[in-house]
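One chain, chain A, links the two complexes that follow: it is found with chain B in the first and with chain C in the second.
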Partner chain A sequence: MAYSFDEIAKLDPYGTGRGEKAELYARVLSELTSSHYARCAGYRKILDAFGCDPRPTRSAEAQFMLPVGVFKTNELSSVPGSEILKTMTSSGTSGQAVSKIFLDRENVRAQTRALASIISSFIGNKRLPLIMLDTALVSTDRSMFSARGAGIVGFSTFGRDVFFALDENMRPDVDAARAFVEKHRSERILLFGYTYMIWRHVVRELAETGRSLGIRDGVLFHIGGWKKLKDEAVDRGAFNGAVRETIGDVRVHNYYGMAEQLGSVFVECEHGNMHCSVYSDVIIRRHRDFSAAPSGERGIVELLSLLPTSYPGHVLLTEDEGEILGEDDCPCGRLGKYFRLHGRVRGAEVRGCSDTYEYRRAG
Partner chain B sequence: MNIGAPDKLDWLVGDGLPEVRPLRPYSDAALEFLGGLSDALLRDRANRAFPDVVTFAFFCRRANASRLKNDFGETANRLGRGLAFHITPSNIPINFAFSLVFGLLSGNSNVVRVPTRDWPQVDVVCRAIRALLERPEYEEVKRRVALVRYGRNDEITAYFSGFCDARIIWGGDEAVTAIRKIPIPPRSVEVTFADRFSCCALLAEAVLGLDNAGLERLAAAFYNDTYLVDQNACSSPNLIMWLGKNIRAAKDIFWPAVERAAAKYDLEPAHATGKYALLCGYLAGDYGIKRVTRHGNLIYRAELDRLDAAESLRGLFGLFFEYDATSLRDAAKYVTSRWQTLTYFGFDPAGLVSFVTDGLFGIDRVVPVGNALDIGVIWDGYDLIRTLSRIVSAG
Partner chain C sequence: MIAITNLEKYKNCFIEAFALSEADVESLKYQGIQEWDSVGHMALMALLEDNFEIMLDTDDIIDFASFEKGVEILLKYEVVIR
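Take a look at the complex of A and B:
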């Protein structure tokens, strides 16, 4: 590795401003591009066909972007098979296609350290008592072991005395939860869960019975997306309000990350803005020509990450829409770009070809 | 009349199994009805919003049906097979209507499963048919038509398959394979429309010889073959084969003209990301793509240096695969039975047909650029009217 990840990992994840970050990203992303070009045949073929020279140092905006969907159709790895520690798979929402991400030891380590640095900047380095707003089965029962289970196992390293708030039937064990809260009443409590699970199995259940977990000082991190909640017309404000009514006085942080760029996650601050950290950046692309759009213009989200070294996932065009809200000037004080997501790209229901069930093509 | 019919389906036209009594091909009853349908569809100005409905209405008009009847020749010794069961595709909204017309023209009674997708075109056509069939003069046709809608349901498909005399399966390899597992009676015939691959042959000097208006017309015709259906029909060309002299110069004027013609194309963000991902997936694979040229996100051109993997390439939303051929013979050995339509510009069609009939496994249609989607009674290598009718021999 030509750049020193260790040096970056020592930085405040939200302390790098525009000029310095642009310089860092041009250097590191260009190094990653030429490294993947040299080591990943599929990536090399793509760049060659586009006539993209991997050698010069280019700005983040001028980096070649790989569509995230390509990890579903092709196996792209930049390390020999013997060095692959684990293969992450993500079930996309659309049918059977699954992303395959090849991780070696170094890449896994970078992901773990980046996530730790980001989360601890919100909660400090001390491990806090942790409530998982999920069932313990999700991390023990092999048949349920999934991206959801992996997320739970990953997050549990940030807490101690881990308590699972849902029983095996996905019902909240309110008495046990309240006892846990009581036991740790002088401490800040950390909570983690999946957005829709929290809404469906915790918030709604508690609201119906009029009970609360009564937490006096808590921090909740949740992940998983808003699609199902959008269908129920629940937005961030309604979600956070309901969480406070049923769980207690907790700061709520939604965060966003893709299986294709684990570790360099985007966390929502106290002002509701999704923040890039030093490990990641965002560019909004116009769909007519993929030119970069300025702040305030809605477009396709491109995500940059400094972490992917064992697969060419450092510059990815996603299938989500969003807009940049600002850079270095969020009232929360965190530096870097902050943005808002608007869900999947419009027109995802393509005429014909997504007809998975049947009778796809005409003669 | 609806005895034994499953209940999980909507009868959009008719309310039960049609009466099964075959007619001769191109019967007066069928021709009269199609003429009436054509008038009804063309009279409603709102239908102009659907070019495919208008095309269908033009196909049905009396003059066209009579011409087809004349072309067909002797009908006195032929008649429909009985009940035709049509399973139509969800991606091309109007195909169900053409399928019904082929069933009627060949003298059959018809059960047509329409797309489950909510296409406005399906409503428009079904409404017009319903209104028409209320009228006493179309009684003969009324008794022979049922349009049904149901989601994936093998039981219902098996029910109709169990006694149909002909089954027509649109929708590609997967659908054909799945539905073929459901038996039809031993005497029943089957017409299947599998996944096909289509290409376009352009003669460079002919393109270079066009004046501006001619070039714009060619580009507009090419647009209609491709972008109009998101390139998502089997007869939309994926592979563009260039022949002749000065290919490079011809490309340099052809593609910008296509770009101008496609300026009106509604490229949605999901099309842009989907097309880009599709292309990058192909590039990382082994398809012989040596270079990509982009015209914004409207046109992606992938230049091939070999044809051996070409037929597994699929364009969508304006993604084309180009090959510079020294002669048509070049391509001949790669033409499998999967190849369907060859659209052309600058060639003599008779020469192209003899190229195909000189031992090729594929290519069933040779039509000028602009006519790729024009469906007809001869389609996909079948003479549909003859296939769906039987012949009475005497002597």
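Take a look at the complex of A and C:
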């Protein structure tokens, strides 16, 4: 039977161990590879150029990796134009070329469900009062709609009585925010924002005036690059500490994900480890020969996701560097691999198919 | 005074959320019209919660994919649309 997201939709996102997951990934990723090969001309061309036979079932490690930059130079869609519901665009960090991701109804649904199942496993299925550490403009003005706005609208599913903490000039409205916190003082408050914007427009602004939002019980999810923070010598510990000083008693969950793999995000647990869910997995590749590196060795991050059915984004080589810390044995109890990121790949940029590893050797 | 039925209230939420002039809302589906996108969806959810004084669970917000499906979901909250 052909793979459908429904077979994994009801699983505990952190309840699938190593052996079972390896089997699931070999089967589903192989199916996705042959299905995208049949339906997406651009993808077929790339695989043919590398002499990759899309038919056999292969392990996750032996799947053909598509460099994520390919989505900036090629329009890769596996569904007819009439079935495309949404085209997501993202500029990445370099800001010039834009990735285009084509989503059909099925894919939009799968990604929404996967994200909900991941986030709900941290906060429960009841929606919490939500503070967006951003301006309302990005999500209400459809003409400004971007990956940033989409992230905010997507996350608002988990909240209620949504309050935007920044005004149109990106300045925090501290009095209104404190009033919101007071109104919900007996409840847990959910917060969402982009890492650098939280730092620049909330934490630093509040720290300068010595004020705090005074949250007594909060959970913050934040996403986005650390590059600018690194330039300011702010690491995870400093960020989380400053958040607690200026926002209040909040549990901080950084998370990581690609616009090219919406939904299957990686969330940091209570112990500071980024976790793969059942919807996604990570392989670390050595710079030298793109072979898979064991735990504890740094390399290029390859991301696997079972969600992309309308575009060939199921096996992506990113431009990020990271290391696997372990699998199925994090003290938080979640199963799956857990890892740490080390920023962008240094030196030569990984881009274009010419930089992918030699497929035949690995296949 | 004539009491407004739940069905009318329910329809009005769609009309208001998507700024529709026509009242033919029964065949509406998520992403079926331009206005019912993810932004419109959250506006609709907020209106339903206010009008029926309920709080929808995350799963139900995601499952709320059509006018028809919504009727089924609201039943779980003891709101009978008729």
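Following the convention adopted for this analysis, the second predicted complex is superposed on the first by the 340 of 363 C-alpha atoms of A that agree within 3 Å, B and C clash if a C-alpha of one lies under 4 Å from a C-alpha of the other, contacts with A are read in each partner's own complex, and residues count from 1 in each chain.
The criterion applied here is as follows: a residue touches a chain if its C-beta (ideal position, glycine included) is under 8 Å from a C-beta of that chain, and two chains touch if they have at least 3 such contacts.
Remember, it's a predicted structure, so these values are computed and weren't measured experimentally.
Shared-chain residue A:R346: touches chain B; no touch with chain C. Looking at the shared chain after the overlay, A:L76 reaches chain B, while chain C stays out of its contact range. Contact with chain B, but none with chain C, is seen for A:V68 once the two complexes are overlaid on the shared chain. Using the contact criterion defined above for the overlaid structures, shared-chain residue A:G19 touches neither chain B nor chain C, since it reaches no partner. Looking at the shared chain after the overlay, A:R113 reaches chain C, while chain B stays out of its contact range. When the shared chain is aligned, no partner comes close enough to touch A:G237: not chain B, not chain C. Of the two partner chains placed around the shared chain by superposition, chain C is the only one that A:L85 touches, whereas chain B remains out of contact.
Within the superposed three-chain arrangement, the count of touched residues of chain A is higher for B, of the candidates chain B and chain C. Across the superposed pair, chain B and chain C touch chain A at no common residue.
Per the touch definition, chain C reaches chain A in the complex via residues 31, 37-39, 42, 49, 55-59, 61-62, 65. On the side of chain B, the complex with chain A involves touching residues 87-92, 95, 115, 117, 151-152, 169-172, 174-175, 178, 193, 195-196, 229-230, 232-235, 267-274, 276-278, 280-281, 283-285, 289-292, 296-298, 302, 316-317, 340, 375, 379-380. Chain A meets chain C in the complex at residues 85-86, 105, 108-109, 112-113, 116, 119-120, 125-127, 139-140, 142, 145, 150, 153-154, 156-158, 160. Across the complex, chain A meets chain B through its residues 42-43, 45-46, 49-51, 66-70, 72-74, 76, 287-290, 299-300, 317-319, 321, 344-353, 355, 357-363.
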